[in-house]
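Naming follows writing order (A, B and C), and every chain is counted from residue 1.
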């Protein structure tokens, strides 16, 4: 039985409300809130980035797994906002955990599904017996262009999963990937902010690929929506995953635990992974979870998990997702927010 | 070892000396000291300067200044102990004369801090702290002393006003010092309401960025009568001590151990107790420093430094005047020059030449010069015969 | 200095809190040293610092040094960890009004400095209070 032996989340403490952003750009806050089903998003402090978030999430995963981090044989970090264009994020994480030096390491990219890719590969590596434990992380501090719709939702956070074959807390019963070459959302090199195809990003991108991922996963596993206690899909806003769930035959009850976006925003590569950690924080033995990520460009990774008796033993061993999301958030005004996100042009320091 | 006397002193005005280079400042101060000394030669030169390299891009200043003073081929060396570089220069010269190796040694200090931006100057000053465990994290010197202040206030009940009073008192003294950078009266309210630098310290708690130089000429005591008609000033003790570099590794964050050790050694060498000292020039790089130094010198009990400031003990007309020159706060703090400028003031007072600043009782003075957050300290005791 | 060799050499301490413990008298050194300043012994064993502690003294840096201008004002303190070891670091995610002697904190991984816009990034520890 191979699956998740440890998991961890991390969300920065700062937030900004939709009203605060709308006010500056003369936009109608209530219609954004209603249209996106989103009230506020997380903001990384100036001293936080994908590496720091990934490290903290991974430390929580190690704490829950109870393993010696030296035994981690592979570290993958998926993100759209790796701090360096050239120099890996994964090596910093491996070094911080002490998983060095005999460890495979790679940084992954595929818009918002880069995190689930690491999980996909980690499972395969453990299943093949190539490594004893493999760590897959999805973390992001992505930027939205000022004044663009995405500015309301692009947020920061990350989740980490250690896959192994011993003391498994949630077995991975199957994984399935669905992809095509679809230009729904992109960023060329040297551009600060991404661009997107507007409403095109709905039907032909998000909905098509999650549908393909979920339907393919269910078929492969011989399962149906009713088999699951929880489902979690990529959550760029609060509307899409709820609409998708309904279309695929899942209920609001199944969606609600993993739906963090209304107060978290879209953590890109961390989005469905953080929804998963929120579910794992509460799930009980034998409950089944369906997860499906989505990355623009485009593709989806789907997974089926079954919780084991081990899960309740490890839930309390590190801070929970809701602790990070709900406890004493610190709200920023727009000026501090753009200062934190380095959107202000300054003189190069002396 | 033979007894050593200070036979000549000199210093430039302290301030933003735009028209004077590092060389100009040093030579001007040195020539004053040499001229009034009556000595006809120099055997050796020591220059205290924290970082001519970072402030001016110029190293090798022993050679440079010996050259520009017209003294090459006299041996010359720059010595460094951060803000205690000046005191260290005196200590080196003292040993060279005391040992008999040289008769006439010039001990100078100089720092030219305004050729670079404020940011670069602050960076250069920061190199006196632990680079990997203090500066790396964003600690500044005001920050480190602020940590001492917070701890002192928490442990001993020292008040914010006690710190401010140190600056007020030093400015009162500096008003009468023609060489001082800031000759203006300030109040406790002004100090507390001035721009915040590192809580609880405000800008008026902090010594400024300054250009300046000072120099003293040493000779064996036995030769002074031949050369000068001024009162004879003897160096009764020279002592130095070190402590941990990083503030957080000190046993007691509120205690300046290197100053305590150096003072203990100096008192022993001079055969005196704290009560035998008439006045002191101490290293008030920040107001809290003067408070802590009073305790480490044994002038007041541990924890009572704030009270001493509050009570007027250290005022010009108090029982133990501290910083009659105006201290680093009002006189200015050209880093390497400070230790020697302290000696300039003490000698001036001991000779009775301090004019409006003259203290009533000035027979034995103590100079305390400190590096960084207290990683090093140099203490000298001088007596007039 | 944030140069490649300096960043690399400091990694075990900044990323993993690796310290050294004197084999003779047990004093803990962070960073590890070659000679014990208490008993002069030259043999040490590896030791990892705990990551929980409390604030011993604190300040708020309002006039930042070069490299920290975007972060001012920021909190800084000396933290005593649960094993008695002290270190200095920033106190992050903490409003200045919340600072107090005795405030409980834990160490988190944060980006401490960068060598300018195009230079190397230097990561390390900062103290963070409970939310």
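Definition applied: a contact is a pair of C-beta atoms (placed from the backbone, for glycine too) under 8 Å apart; a residue touches a chain by one contact, two chains touch by 3 or more.
The structure presented is a predicted model; accordingly, all values stated were derived computationally and were not measured.
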Middle chain, criterion being Cα centroid separation: C
May I ask which two chains are joined by the most contacting C-beta pairs? B-C
Computed over C-alpha atoms, the centroid farthest from that of subunit A is that of chain B
Whole-angstrom distance, CA centroid of subunit A to CA centroid of subunit B, is 58
What is the distance in Å between the mean C-alpha positions of subunit B and subunit C? 31
Inter-chain centre distance, subunit A versus subunit C - centres from mean C-alpha coordinates, in Å: 30
Among all residues of subunit C, those touching at least two other chains are 66-67, 71, 90, 112, 126
Residues of subunit B that touch at least two other chains are 119-120
Residues in subunit A with touches to at least two other chains are numbered 349-350
So in the complex, the part of subunit C that touches subunit A is made up of which residues? 11, 15-16, 66-67, 69-71, 90, 92-93, 95, 108-112, 116-117, 121, 123, 126, 131
Taking the complex as given, what residues does subunit C use to touch subunit B? 1, 6, 10, 31, 37, 56-68, 71, 74, 76-78, 86-90, 96, 101, 112-113, 122, 124, 126
Complex contacts: residues of subunit A adjacent to subunit C: 12-14, 45-49, 51-52, 55-56, 59, 83-84, 92, 95-96, 98, 323-324, 327-328, 330, 339, 342, 348-350
For the subunit B and subunit C complex, residues of the former touching the latter: 119-120, 122-123, 126, 131-140, 142-143, 146-151, 154, 195-201, 244, 246-249, 253
